[in-house]
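Same chain, two partners: chain A is paired with chain B first, then with chain C.
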Partner chain A sequence: MPMGNAQPSVRPAQAGRTDGAVASGAARRGGRSRRAGGGSRTERLAPYVLVAPAILIIVLLRLYPLLLGVNFSFTGDGARNGTPVGLDNYLELVDDPLFRTALGNVGLLVLLLPVAVAIPGLLATFIYLRVPGHRVYRSVYFFPAVLSPVIVGAIFNLLLAFDGPLNAALGSVGIGSVDWLGNPDIAMFVVVGVHIWATFGMALVVFLAGFATLDSALLDAARVDGASLFQVIRHVIVPGLSRTIAFVFVTTMVGMLTSMFGLLYVMTSGGPEGSTYLPEYYIWIQQGQMNRPALASAASTALFVIMLVVGLLQVQLLRRAGRED
Partner chain B sequence: MPGMRLSRWLLAVPMSLLALATIYPLLFTANVAMKTRRDYILDRFSLTDALRWDNISTAWNSAGMSRYFVNSLLVVALSVVLLLLLGSMAGFALSQLRFRGSSALFLGCLAGLFVPFQVVMVPLARIMADTALIDTYPGLILVYVAQFLPFTVFLMTSYYKMIPSEIIDAARIDGNSVYGVYRRIMLPLGTPALLSVGILNTLFCWNDVLMALVMMPSAEHRTLMVGVTSLRGQYSDDIPTFASGVLIAAIPVLVVYLFLQRQIADGVAAGSTKG
Partner chain C sequence: MVWDWKSGEPSAAPYIEKAKADFARKHPDVAVEFVAQPFDQYYTLLGAAIQSGKGPDVMLFNGGGQIRDRVDALVPLDEYVAEDKERLAGWDAFTRDGKIYAGPVTLQGHPIYYNKTLYEKAGLDPASPATTWEKFLADCAAIVKAGAKCFALGNKEGAGIQFWLSALGSGILTAQEYDDWIAGKRDWSSPAVKRVFQLWKEAGDAGLNNDGANSTAMFNDAFALFQSGKAAHVIGLMSDVGHWKDFNEFLTADKLGVMSAPVVTAGTTPSLPYDGGIGYAVAKWTKDPKVAADLVRSLTSTDALKAFYADAGAIAADTTVDVSAGGPAVATIVAEIKGGKPALHVALSSKTLDLMGRLSQQLLSGSATVDEVVKQLAASDQAG
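Up next, the complex of A and B:
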């Protein structure tokens, strides 16, 4: 996982507690033969023993399945189970209107990405500039980020129901009811909006950690020079936080690609008319409901390629941002 | 900036409204959970006239939320303990011990960060079925550990890097084996990071629905979040009971948030700034 330029916010409890051990070690140094560096076989193997469980789990349950899945995507489903079919699954994907919608929605997410980054960025700026009540905002805004997408989705299901409270409230001021989750033209925007509502606190905290490293002298200088808020953002904050901004862009995109399943499952089940499909939902439907694991694997591979592109973009962005620093 | 003071107060207005929009949905749900069905149909917004616990107890008992709650508690607790144990062991070795292949092994762990569950869902379900681990607690626990271990190893490694190596040298001279150093020095010194990472992992596992849905298909193995989704079909015409189920699933997280807000935010920030 990548890296802003901020100071780590968690620091080791400084040596206080181990002073005793250090002192007694030093005292005994003369008397005992030096064992550091470890001569015995068990000692030399120890690092491998410590790393082994973690690496085994990651290789067996993450990296090996990745290869297995890619391999699997070139075989058939059902009657053709296990036989090589070349690119058939990929051709079927391209022809499937549901998968096309899913890809189109990924495009929509990319278009909405600047909004999803700008909202927490601006709010963090205001909090950093000490808007009255700034201490409260941080903890209130962060709060939905700890709720499960299932809970968030369930709550908004209640609020956005056609005969639900939001429409009742709109009706009382003379606006007609909107079918928030039943209209294929707006349902995806509604779900993305709820996702942003639920996660902007995460990005806000990351931004605030970035602000902690910003040179406040620059800001004071800008103030003395009479810079407007917009000028401060444009010329001091954005250049100073370029790495943090790049990081938030990528994590927000990854979050949109991999953590909206709960919302989709609870709020729309991919509907209406398949308009709220995303790759992860498509994969789940094909593997679990349609019994098309090989087709699902092809969709998984496509999702992995998308993630890889995002990842490479991130490296690129961070490198460029690093140069500007 | 002369206009600055005024504009700050002007900004406070939309920011307060947003703060309200952030907490209102949950307050609304809590209020609905206390109402009778009739009250809810008549008026969705009115404050409940009494603190009624019948809906909560219906959701807890008849709808089976108590069972799901225990399932979640069990799976999450064991997953987090394993994550912290394996993550700190690997983090210690990768940050403080010099050995052949350590950087390759570190990269191997990091590679896991770029493979989300959705990408390996199909083969993973197959592996779990072949090893008879599907629809079992150990199976789901393994899947959670595999999902969040790369991040845990990464954070523990960068945390342990900040511990001066003199401390380890001294402990070794003192006669401790590598394992002794891990147990007596690294584990206690790692407490702040373990706490942060542990809370984050607890939230991630507790909040998951996709992995539980795929790995634990049978009804009696449902975790709390899967339980909430099944409640929706069951009580679609009894909104107050449904809202009660949602509330039951949200309350543990709320309590954790109220007491450990600082650590959660620090953990998120650390994830973004380490390395």
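Up next, the complex of A and C:
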């Protein structure tokens, strides 16, 4: 999982500045080559024996079911249950406007990603620069991150209802009511907005951790040179945090693609007019409501391929960010 | 083992007790275990069980598409339940290709409930609700004038259109068209079918519904609007939720009325749309179908169903249960069961219903026309 791989690449970033980390890395590498060089047969086999349980678990519980699922996606549903149907399920997916909407929404999420990263980044910057009350903000911003999506969804359902408080507030300043969750053109943005609200606390903490590694001498120097806030952010903070930013990009993307189900389920049920469907939700509907498990498998496979591509791109991004530093 | 989503509810406990006792008399040596599953995931879990060919011997189903899509995994019950056929109503919803696959427990249908207090406020006679569509629109205008909405509508899940189609269908489609529809000969391009969607759109455009119907959940926000007296009518249910018992609590039994569908097409006779609501079916993989079928019979015995009606607030499938204590609304419903017909939307596949839900939202928001909608529905209906 990208998250597991990504974590260490941030940590060394802070250690990378000190000579100790480099030295210990070299020592580790040295140790490995020494062991591989001169050892008896048991010593040569030992690493394989030691990783065998992990590999077995991955193969048996991850890869094998995955292959079964892919295989299942080439069989039929209902009357054609169990018979091979070739690419029929995939063709049906391509034909289904609902699935196309779901994929389109994935694209929308990718486009909105910079916003989802910029918000915690900016807020963390303000906290780091010690705006008045920054201690309060630090805990308040994190608070939504501990709420389950179902609770968040229920809260916002009430707030955003047509006769809810938000529309009442808008009405009192003379702006007409908006059907936040009933208008297909805005519902998806509303749900994404709520998702960002509910999860940005985590990214904020990561950003704050990144700031802890920032060399304050650079900031002081910039201030002495008379840099404006924008210039400080542009020339000191962003380059200094490039690896943290890349990490937050990856985790936010993964979060958006994999954990919006609860919100969608509670807030819009994929509607209105199917405008807030995501592949996950589509899979769930096909399997649970439409009794089309094979079609759902095909959609899962498609989602898996998308996630694989996105994941690999992100690993690439992380590597490149790591090299730059 | 029995799977359902009911037995965990306290209000269903007396029903399960009675059914168990009845079954224990017939088969004292067979132990029965009820496993209540969360309804949200019920069909997902059931799908997994069917896929693996292992699972409960007896399971609860919703009538209509949910059971018809899964009959491959069920045992036909015709030979076992022959004696119950007269006593119980609602078999059609559990029948596919002439074979019965479940014993009906409750009846589910879509009466039009109305709030007599709001009728009085609007200067209308609560004892004689409108019988024609023109009169109904006039009544609605009076109600809107008095400060309430005409319909409480929740179409977030797309359920609103299903209720609309079924509740008003008998006043729009001719008897012949209605029967053909149920029999599977559905002419989506006929003027009457178009009229159903036309009226849906007109009601929305004319502001008869509550605001934001597309983001209002039928369960239970729309019902809450009706209960709190903000809307005068709601197309509700007969059993489980959103029904006479819930409404009685808020509006009191005297102020809750049930009306027939207003006549839209002259010459039609409105009828109560209802089907078997939920019913117990027997899985194909069960060891002894006879014993399992006996359990289904116990679960649909008069005593058990009487307990279900009284405690859980359902219209039981058993027409011999006495309902006079439930107030005028429930009495009206039960009186109309004899002349009732299967609901129109229950005849459609889950896929078409899902599509209809989304299209109905487009009709309300104005992003689709009635012609486009019936065309897409016809295509989906013919494919499925």
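Everything that follows uses one rule, which is that the second predicted complex is superposed on the first by the 262 of 325 C-alpha atoms of A that agree within 3 Å, B and C clash if a C-alpha of one lies under 4 Å from a C-alpha of the other, contacts with A are read in each partner's own complex, and residues count from 1 in each chain.
The rule is short, and it goes like this: a residue touches a chain if its C-beta (ideal position, glycine included) is under 8 Å from a C-beta of that chain, and two chains touch if they have at least 3 such contacts.
In this text the structure is predicted, and so the values were computed from the model without any measurement.
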Touched partner set for A:261, first chain B, second chain C, both or neither: first
Per-residue contact with chain A, leading partner among chain C and chain B: B
Chain B versus chain C as contact partner of A:293, first or second or both or neither: both
Touched partner set for A:58, first chain B, second chain C, both or neither: first
Partner chain in contact with A:182 - chain B first, chain C second, else both or neither: second
First, second, both or neither for A:284, with chain B first and chain C second: both
Partner chain(s) touched by A:171 [first = chain B, second = chain C, both, neither]: neither
Partner chain in contact with A:47 - chain B first, chain C second, else both or neither: first
On chain A, positions contacted by chain B and by chain C: 284, 287-288, 293
Partner chain B, residues of chain A touching it in the complex: 1-13, 15, 17-18, 21-22, 24-26, 28-29, 32, 34-38, 42-44, 46-48, 50-51, 53-55, 57-63, 65-66, 68-69, 72, 123, 126, 129-133, 136-144, 146-152, 154-159, 164-165, 168-169, 197, 201-202, 205-206, 208-210, 223, 226-229, 244, 247-248, 251, 254, 257-258, 261-262, 265-266, 279-280, 283-284, 287-288, 293, 296-297, 300-301, 303-304, 307-308, 311
Contacting residues of chain A [partner chain C, same complex]: 78, 81, 98, 160-163, 177, 179-184, 187, 268-269, 271-274, 284-285, 287-291, 293
Interface residues, chain B side, partner chain A - complex: 1, 3-4, 7-9, 11-12, 15-16, 18-19, 21-23, 25-26, 28-29, 32, 44-45, 86-87, 89-90, 92-94, 97, 99, 102, 105, 108-127, 142-143, 145-146, 149-151, 153-154, 158-159, 162-164, 166-167, 169-175, 177-179, 182, 185, 188-193, 196, 203, 206-210, 213-214, 225, 228-229, 232, 239, 242-243, 246, 249-250, 253, 256-257, 261, 264-275
Sites on chain C touched by chain A in the complex: 41, 43-44, 47, 51, 69-70, 72, 156-158, 210-216, 221, 350-351, 354, 357-359, 361-362, 365, 367
